[in-house]
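Taking it in order: structure first as structure tokens, then the write-up.
Chain IDs A, B, C and D follow the sequence of writing; residue 1 opens each chain.
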Amino acid sequence: MRTMSFVKEVSQWILAGIGGIIQTIDDVEINRMVETIIAARENKILLLGTGRSGFVGRAFALRLMHLGFNVYVSGETITPALSSDDLVIVISGSGTTTTVVAQAGVAKDVKSKIVAVTSHPDSPLAEYADEVVVVKGRSKIDQIFDYEGRQLAGEYDNAPLGTMFELSVMVFLDSVIAELMQKLGIHEIDLRRRHANAE
Amino acid sequence: MRTMSFVKEVSQWILAGIGGIIQTIDDVEINRMVETIIAARENKILLLGTGRSGFVGRAFALRLMHLGFNVYVSGETITPALSSDDLVIVISGSGTTTTVVAQAGVAKDVKSKIVAVTSHPDSPLAEYADEVVVVKGRSKIDQIFDYEGRQLAGEYDNAPLGTMFELSVMVFLDSVIAELMQKLGIHEIDLRRRHANAE
Amino acid sequence: MRTMSFVKEVSQWILAGIGGIIQTIDDVEINRMVETIIAARENKILLLGTGRSGFVGRAFALRLMHLGFNVYVSGETITPALSSDDLVIVISGSGTTTTVVAQAGVAKDVKSKIVAVTSHPDSPLAEYADEVVVVKGRSKIDQIFDYEGRQLAGEYDNAPLGTMFELSVMVFLDSVIAELMQKLGIHEIDLRRRHANAE
Amino acid sequence: MRTMSFVKEVSQWILAGIGGIIQTIDDVEINRMVETIIAARENKILLLGTGRSGFVGRAFALRLMHLGFNVYVSGETITPALSSDDLVIVISGSGTTTTVVAQAGVAKDVKSKIVAVTSHPDSPLAEYADEVVVVKGRSKIDQIFDYEGRQLAGEYDNAPLGTMFELSVMVFLDSVIAELMQKLGIHEIDLRRRHANAE
């Protein structure tokens, strides 16, 4: 009997982990985030985040643009002046990354609305935030065994550093996109029209 | 009885989709990719991709850097001259994106090794590639129903454009990282040492 | 007598070179470019370029944003679909860079207006362009001597590769900004309002 | 008689301004910076800066890479962990940009050497720095007149915001490259070999 490859085993384990993490997100927090994004439709939305959380934020920003939102990404060339009408969505597992917290502080100063997606609702980032969506990072499972009874290396090595947080937020935010599309009556065909062609 | 929120339902549906897609990846292609990456340990690795596939590539590049690889990302400031010793990993669902195919062509000219991660093994990109890892995009399911029997909007609106491909590749490549860690005897603690601090 | 440091000597030599290069730009080409940009005020402007030419383009894009233009930069997250109403400004000394020419080709396909800033009016890029602004690169001077009669290393080593083109275009485009401000009645105080704060 | 176009007049005025600014840079500061960069040849160099100063830093980073330095740019995918052996070069006219100062603070914590290029030697950034290179911004001239006696709009509108600082630093750093090439015995032909080909 052919066993599943290690890569596929880890994938299944990661997917189960993500599923568990997303189930623990508070529905009230989700709904509030969705409504806050819809309310920002006439204003600017800025995505903040560094490293892999930053890439997850950019992937979300790209879809928000496809949905017709006026969205920007921190650290890129075209980043506008923020005002009190604007929305800042910050992604940081730890909620402590130096530059992210510094930028959130500036956004706070100009009274932009801040939504933090973080594992730590008591972090410096979360303190700046008007709304927090808690997405847990590592789950509790520390060891698993494969189909042949070998101990897998433990989650630290199968999903090192912020992997579980980043993947969970990526899937979660793509699901938020689905809800935004439904609520705003936007269909895939509308997205295609806003998709970059000269790339 | 409280039903699951739409966002969570879509998440579960997306995760099931990703799981199915990853199961269809050819184990031979996976193993060859892992070996090719390990063989490039003393040389340069360049990640190519645009849009959301580009972000998935960057997330992978960051982990490869954490593992000690000499890795670069196309479109950023510091991108080296490629040679025949180097490895280019290209991510493109369609395998037809203009600039990506153009860059793969240049890499081909200097005889770098090219691994393409794409849904289309017969695409222009795949033709340039020495190795192809086929990761399917949209699954066949076109309609699903929620717990209350409402028809969900269909996968096109729940996972528009390349969403399923991008998410599947992201989870797949993080699983490749787990295998690379195991094969190279690298542990999470080693990654922490290479994690950027001034960000 | 204290002689000027080598760094300052090279600076003066570079500045003289830039001055000479800018004088050779055709006034008709300059005026047409200024008018084309003003005409694009209600539409989108996309800046294309790689490497140091790309950074020069981004610096220009940032100022165009400060002036109120709807401007984008290729290779960043938020890049819109182009249409026949839009303007693409491409910066490439050689006019042959693979991805730049490929992207210009896509812009041509959707009938966007293309302005090429290049040293080579007969390059593949220039062929796609509706308008060309020729900015020469290296000047003719091959050797200069410092205040003590030592031969300086020659321009190839004092301003290697595309240095003279890139610096000349940077100064030229900042001067175009000054003319745009004058023609549009925009003052520095207006720019301050659009300057990013959360960075 | 044909008069010079406004764009060319502004260019000449900008170039004269840059020339004046570069003459005021302290030769001791220049030499120390050159020696510090040469001393970092076996270690990592990180360029920090946002907005147009960030692009100037990236243009410098690219040339340092062409010279064989192990250089990184803040905000990009591949940014390494800094240590006390490494060099951080920060470009900020005001020396107060929030994230730049925050990142310099982190670099200070890990005892990396910090060189600040700034107009303000008493700024928060300069306080973190081990070495400061003062490059003035706006010159004193507030009004100039063109060849026909019309008053030009004043430097604020001809070179708004940080324009004079950014351009002066760009030319200055390219002159530093020339000195590095001379001191290290590197010639243009060596740079060509390290120039990215797949772009």
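The criterion applied here is as follows: contacts are C-beta pairs under 8 Å (C-beta built on N, C-alpha and C of every residue); 3 or more make two chains touch, one makes a residue touch a chain.
All figures in this text were calculated on a predicted structure; none of them were measured in a lab.
Peer 1: Which neighbours does subunit B have in common with subunit D?
Peer 2: Chains in contact with subunit B as well as subunit D: A, C.
Peer 1: Go through A-C and B-C and name the pair with more C-beta contacts between its chains.
Peer 2: When the contacts at A-C and B-C are counted, A-C has more.
Peer 1: Find the geometric centre of each of subunit B and subunit C from their Cα atoms only, then give the gap between the two centres in Å, rounded to an integer.
Peer 2: One centre to the other, that is 35 Å.
Peer 1: Can you give the whole-Å distance between the Cα centres of subunit A and subunit B?
Peer 2: 18
Peer 1: What positions in subunit A touch 2 or more of the other chains?
Peer 2: Residues 58, 62, 75, 98-99, 103, 106, 195-196, 198-199 of subunit A touch two or more partner chains.
Peer 1: In the complex formed with subunit C, which residues of subunit A make contact?
Peer 2: Counting only subunit A, the residues touching subunit C are 46, 48, 58, 61-62, 65, 71-82, 88, 103, 106-107, 110, 112, 193-199.
Peer 1: Once bound in the complex, which stretches of subunit D touch subunit C?
Peer 2: Residue positions touching the partner: 5-8, 10-12, 14-15, 18-19, 22-23, 25, 27, 30-31, 34, 50-52, 55-56, 58-59, 62-63, 66, 97-99, 153, 156-161, 163, 166-167, 170-172, 174-179, 181-182, 187-188, 191-192, 195-196, 198-199.
Peer 1: Within the complex, which stretch of subunit D touches subunit A?
Peer 2: Per the touch definition, subunit D meets subunit A at residues 50, 75, 98-99, 102-103, 105-106.
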